[in-house]
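Shared between the two complexes below is subunit A, which has subunit B as its partner in the first and subunit C in the second.
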Partner chain A sequence: MNLLANTVAPSALVIDGLVVGAILFALGLVGILARRNLIVMFLCAELMLQGISVSLVSWSRHHGDWGGHVLVIFVLTVAACEAAVALVFVLQAFARTGRLDSAAWQSLRESNLPRTIDRELPAIDTVPPKFPKLAPAGVEPAADEDALHEREHV
Partner chain B sequence: MIASILPSISPGTLLAGGITAAAASLWLLLPSGRSGAADRTARWLGWLLGIVALASFLATGHRLGSVGEEAVFLTVALVAVISGAATVVSRSPVYAAIWFAMALAGVSGVLLVLGGQFLGVATIVVYAGAILVMFLFVLMLAQPAGLAPYDRVSTEPLLAAVAGAVLLGILSLSIGRLTAEPPACCLMGGTKAALLADSATTEPPAAAATGIDMLADNHVARLGGELFGRHLLAVEVAGVLLLAALIGSIAIVSRGAADAEPAAARRAVP
Partner chain C sequence: MNALSPSTLLVLVPLLPLVGAILTVALGRVLGARAHLPAVAGIAAAFVVAVMLLFGMAREVGVGTTGHDHAAKPVEMVTTLWEWAVVGDAAAAGDAGSAAQSFSIPVALRLDPLTATLLVIITGVGLLVAIYSIGYMHGDPGYPRFFALVSAFVFSMSMLVAASNFLLVYVFWEAVGACSYLLIGFWFTKPEAAKAAKKAFLVNRIGDFGLAVATFLLWMTYGTLNFHDTTLADGTLMPGILGATRLADASAYVGGAVGTAICLLFLLAACGKSAQLPLHVWLPDAMEGPTPASSLIHAATMVTAGIYLVARTAPLFEACPGALTLVSIVGATTALVAALIGTVQNDLKRVLAYSTISQLGYMFASLGTGTLLGFTAAIFHLVTHAFFKALLFMGAGSVMHSMGGVIDMRRFGGLRRIMPITAATFLVGSLALAGVAPFAGFFSKDEILASLHSRGWPDAHGEHLEAAPAGGHANAAATFHLAFHTASVTPDAAQLAGGARGSALDALNTPATWRILFWMSLVTAALTAFYTFRAVFMTFTGPTRVPEEAGHHAHESPPSMTIPLVILAALSAVSGWWLFSTHSLASFLASTPSFTAPSVASTATPPAFHWDLAIQGTLAAAIGIVVAALGHLGRRSDGPQMERFLGPLETLFANRFFFDQIYSALIVKPLELIATLAALIDRRVIDGLVDAIARVPAGLGTVVRHLQSGLMQRYALAGVIGTLLIVLALVARAMG
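Here is the complex of A and B:
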């Protein structure tokens, strides 16, 4: 705590930004740990990156320099690269297993860990979706024989 | 402030309760393989607990300078946090991606309020415009019809929620210690008001210490000057990284397509 003894305390806005960043990061962490769909896991990683970006910009605001902003621009760049390469890997994994399931690759786990076994899931109570029905409007015009022939001369 | 209405509850307790409620809410909301009425009950309970958690976070929060600033910040922060939670708990990955776009809108609003004008716009353009569309393309290519079984269950939702709560608790503690001692989260009444009134006025000196006013004119021009001046080498390296990622992903796709065909043929035999 004495590290900050000689500096100015962050303003309320900076603190709030840091809190929002922390919440987003924690949410992304929970998602990465719990979800099994590979694409949702990557979305959660991006959520963690967003939390980091908010924190960096908050600190930039506090210190009054451009360091945080520049770092966030590089975070954006690296996130774009990461998304491109990761999605290619996901597509390859899907081509090999036919699933977007992280547990499809559980043969890569440590040898002392138990195997993930899917239990039988109860059927989803299927309620057929209600789509809006449009009243039929207008009449399809009869095909004009002459127009078909005229078109060839144009 | 709710904390002043309920003076018997200290803000620290309120924050701990909020984090616990958030963890319980996430645990209930994460896909668990339940079905029917039990699933619906768990989700209702989960959203209810989530609202309780958000309310307690708001009650422990700070007051910003002006009402307008506070209203805008609260709106965009709530959009970001609620959409982020919905991203994590959505069963369908397509809905998760759409909720993530909403979270990006909220985050870009937070960046705008914090003075990152260029970054707020760049987040929308780069993330929502490019990266998210790429995610949706892959989903369209690879998503089976209906809900896959692995979208309806999660690995250890309770442990994951507890891990998130512990992380959030540690982060909140360290953020609380940033303000002047004693921590602002444990101050009550007049001291808190005095501290906050003080901290509201401390920002200009903090910014003035280095001589840069983030909110002055020509924000983007000055950011560009910094980026292509002091950080020119890093920009070049980032460009090389983008090129390498482009070439790498093309190479993996073309190599992998040849490898995957025999595997698919083997799968199709039985």
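Here is the complex of A and C:
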């Protein structure tokens, strides 16, 4: 820390850090507002979080105070947990509707308002789930073509 | 206080029926079919006590020893139970010289000949009605309720006649009205009964309003509401309105505009309670109640209240001869009109109802003469009428009981073979009502006719009566100055009364008026005999016919119903002769403080039997009975003779002179219109305003709700914009 302080002007360093943080935050913000893919939106939220973290670290360093660093470590930890939970939600949502478009999830609006449709969501080709079948006893099971195909790669 | 002192006994008379009523209410469910016990016992005990009081009072007055030539002394006894309300400082009021500063309402009961007489009638007839009801109301689901109400009715009426304060009179005047409402509407699930009860109550309210305003005026004029003299805290004597002090002074009663206003308002009140024109319309409809209740209302309680009020305030009326004359005019007109209506009624109970109105009209006509004879004759007729009208109603109830609830006289006949006791007692009651000698009604009606005759032909009745109108005028003249003063201190009251009205009414007080009234009464006597015997002939003579409703068990009523009938029949037969021949009632009543006022007492006449009037009255009754017999006796008992004979008049009578229709068109319909308008305004304008205010948040909501789109991006955008705004605001503040 002293080493760094000697080579670069302290104010320049904090400004750079803040600029980077602001750019990250702005990117995240734009991503959240503009994109509709749930995973991308989640990523953008993370991006905003990290933008804040960067500026926290910069300020912390500028003031020579470990508080900001400690806070960022906590933020990272919480963000990791939150990412796990959020991704589970996203996955579940996808499992239910087959969609990742946030526009598909607007049922929490006023009950008698019409659905907002700016563009028709593409139809989902529903593939009937394939369940493994047990072979009749004493007979060699028929080889699964896909499985065989994949087995080569493995 | 001695346990049997008159004051204790006096309190017991109203108290016992009250206790009976409360016990009946409390124990009604437990007693079940014996729920009549507390009420009957309470009224019976009250009756015994009232009789004791009557005899005590008679000893005090000295009935029989007092000659007519020296004026009767006022006899009264007042018991103040407690001060109900004390407003203002009594001592300060005494200093100021005007008692109008303080106001106290003592709960005071009084006993004087008038009260004692009425208490015996009320409790006596009440007792017989209660006993009769044991049979009549047997098995009714409201059995305990009925007896509680009868008991409460007797209590209210006893208090009304025993109260010694106009405010108390007003309270129990209302209580009597409430009890009558509850009894008329006893079968409240029947729409007619509920309507009749409402009608009785509302029409009575008009009269009650008169009594209330009269009470206010009395307070403004006399500065007290007590009947009796009271001693204030500082020892000064406050003369009561009917107290000995004021009674002794001929000029102590206000005449003129204020006095007339008070008297006319009293008359209005009396018209309401006693069913006189134009407020008589409630009484015939009151037949919807149980027959014993009708009997009670018509004979002992309720309708006699108006007679009592006018009799009690006799000195006040004496100061306003015009108002007195109007009392007679109202009474005689009512008597005639009600009798005419009664001639074409086919409902036995309605015939009796109109007969009650008619007989009460007689009493008012008699009261209005303003002579001692007139007042005592009215009370005499009240007593005899209580006997025979209770008898007739109970007889009608007995018929109705046996006929399975049918009361239309055209649907039954010849009942004397089925119910001999009822028929015999009913006949006695009818003879008394028609005024056939020697039954009770003959003597009391004779006295009433005599009192009217004495005013129409003053010369024929000697010196005493010649003084009466003159005395009245002198009295009015003497009080005119007083009235003028009062009018100047209470200008509102004077304006209310209307300055010229007092004198305009006095112009009615001419012998010619009284002659017309006398002839009206005589015609009424004939009509009374006619409609009474028309009812008797239609019901009890001719071939025996019984409506299907009676089934196969048309029979004489049980003893609990016939015994009261027999007792009342005996009373109806002999009471008139006994009271008249001994002159006991008249000389007894003459000691009532109200009747010892010089203006009343100076008109005293020697007791006399007027052969000429008796002959005229009997002739009238005979004509009525003969015409009734020609039309309805025997085989012709249910013929439409009346209708054929009267022609278009029949329509007029059968529709009761269109009173109900006129009231409906003039009062009910306009009021309903106003009510409809008010309802419309309420629903459209007022509710509309409220609804409009309620629609504001809803309308705002419909605008704002579009923000709640459910789209994540929009929410995020709103968050961003909000944050930006906050930041901008902070920046702007930081920059100053």
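In this text, the second predicted complex is superposed on the first by the 101 of 154 C-alpha atoms of A that agree within 3 Å, B and C clash if a C-alpha of one lies under 4 Å from a C-alpha of the other, contacts with A are read in each partner's own complex, and residues count from 1 in each chain.
Please note the rule applied: a residue touches a chain if its C-beta (ideal position, glycine included) is under 8 Å from a C-beta of that chain, and two chains touch if they have at least 3 such contacts.
Worth saying up front: this structure is predicted, and the values here are computed from it rather than measured.
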Will subunit C clash with subunit B on subunit A after the two structures are superposed, or do they fit? fit
Pick one for A:62: touches subunit B only (first), subunit C only (second), both, or neither. first
Quick check for you: in the superposed arrangement, does A:127 touch first (subunit B), second (subunit C), both or neither? neither
Kindly classify A:33 by the partners it touches after superposition: subunit B alone (first), subunit C alone (second), both, or neither? both
Looking at the overlay, does A:20 come into contact with subunit B only (first), subunit C only (second), both, or neither? first
So, does A:116 touch the first partner subunit B, the second partner subunit C, both, or neither? both
Per the overlay, which chain contacts more subunit A residues, subunit B or subunit C? B
Going by the contact rule set out at the top, does A:106 touch subunit B (first), subunit C (second), both, or neither? second
Between subunit B and subunit C, what minimal C-alpha to C-alpha distance in angstrom results from the superposition? 7
Check: subunit A residues flagged as touching subunit B and also subunit C 29, 33, 36, 102-103, 116
Residues on subunit A engaged by subunit C in the complex (per definition of touch): 29, 32-33, 36, 41, 102-103, 105-110, 113, 116
Which residues, counting only subunit A, touch subunit B once they are in their complex? 1, 4, 8-20, 22-31, 33-37, 39-40, 42-44, 46-47, 50, 53-54, 57-58, 60-66, 69-70, 72-74, 76-85, 87-92, 94-96, 98-103, 116, 118-119, 121-125
Give the list of subunit C residues in touch with subunit A in this complex. 705-706, 708-713, 716-717, 720
Touching residues on subunit B, where the partner in the complex is subunit A: 26, 30-31, 33-36, 57, 61-65, 69, 73, 77, 80-81, 84-85, 87-88, 90, 93, 96-97, 100, 103-104, 107, 110-111, 113-116, 118-119, 122-123, 126-127, 130-131, 134-135, 138-139, 141-143, 147-157, 159-161, 163-165, 167-168, 171-172, 175, 177-181, 184, 196, 199-200, 202-203, 205-214, 222-223, 226-227, 231, 234, 238, 241-242, 244-246, 248-249, 252-253, 256-257, 260, 263-264, 267
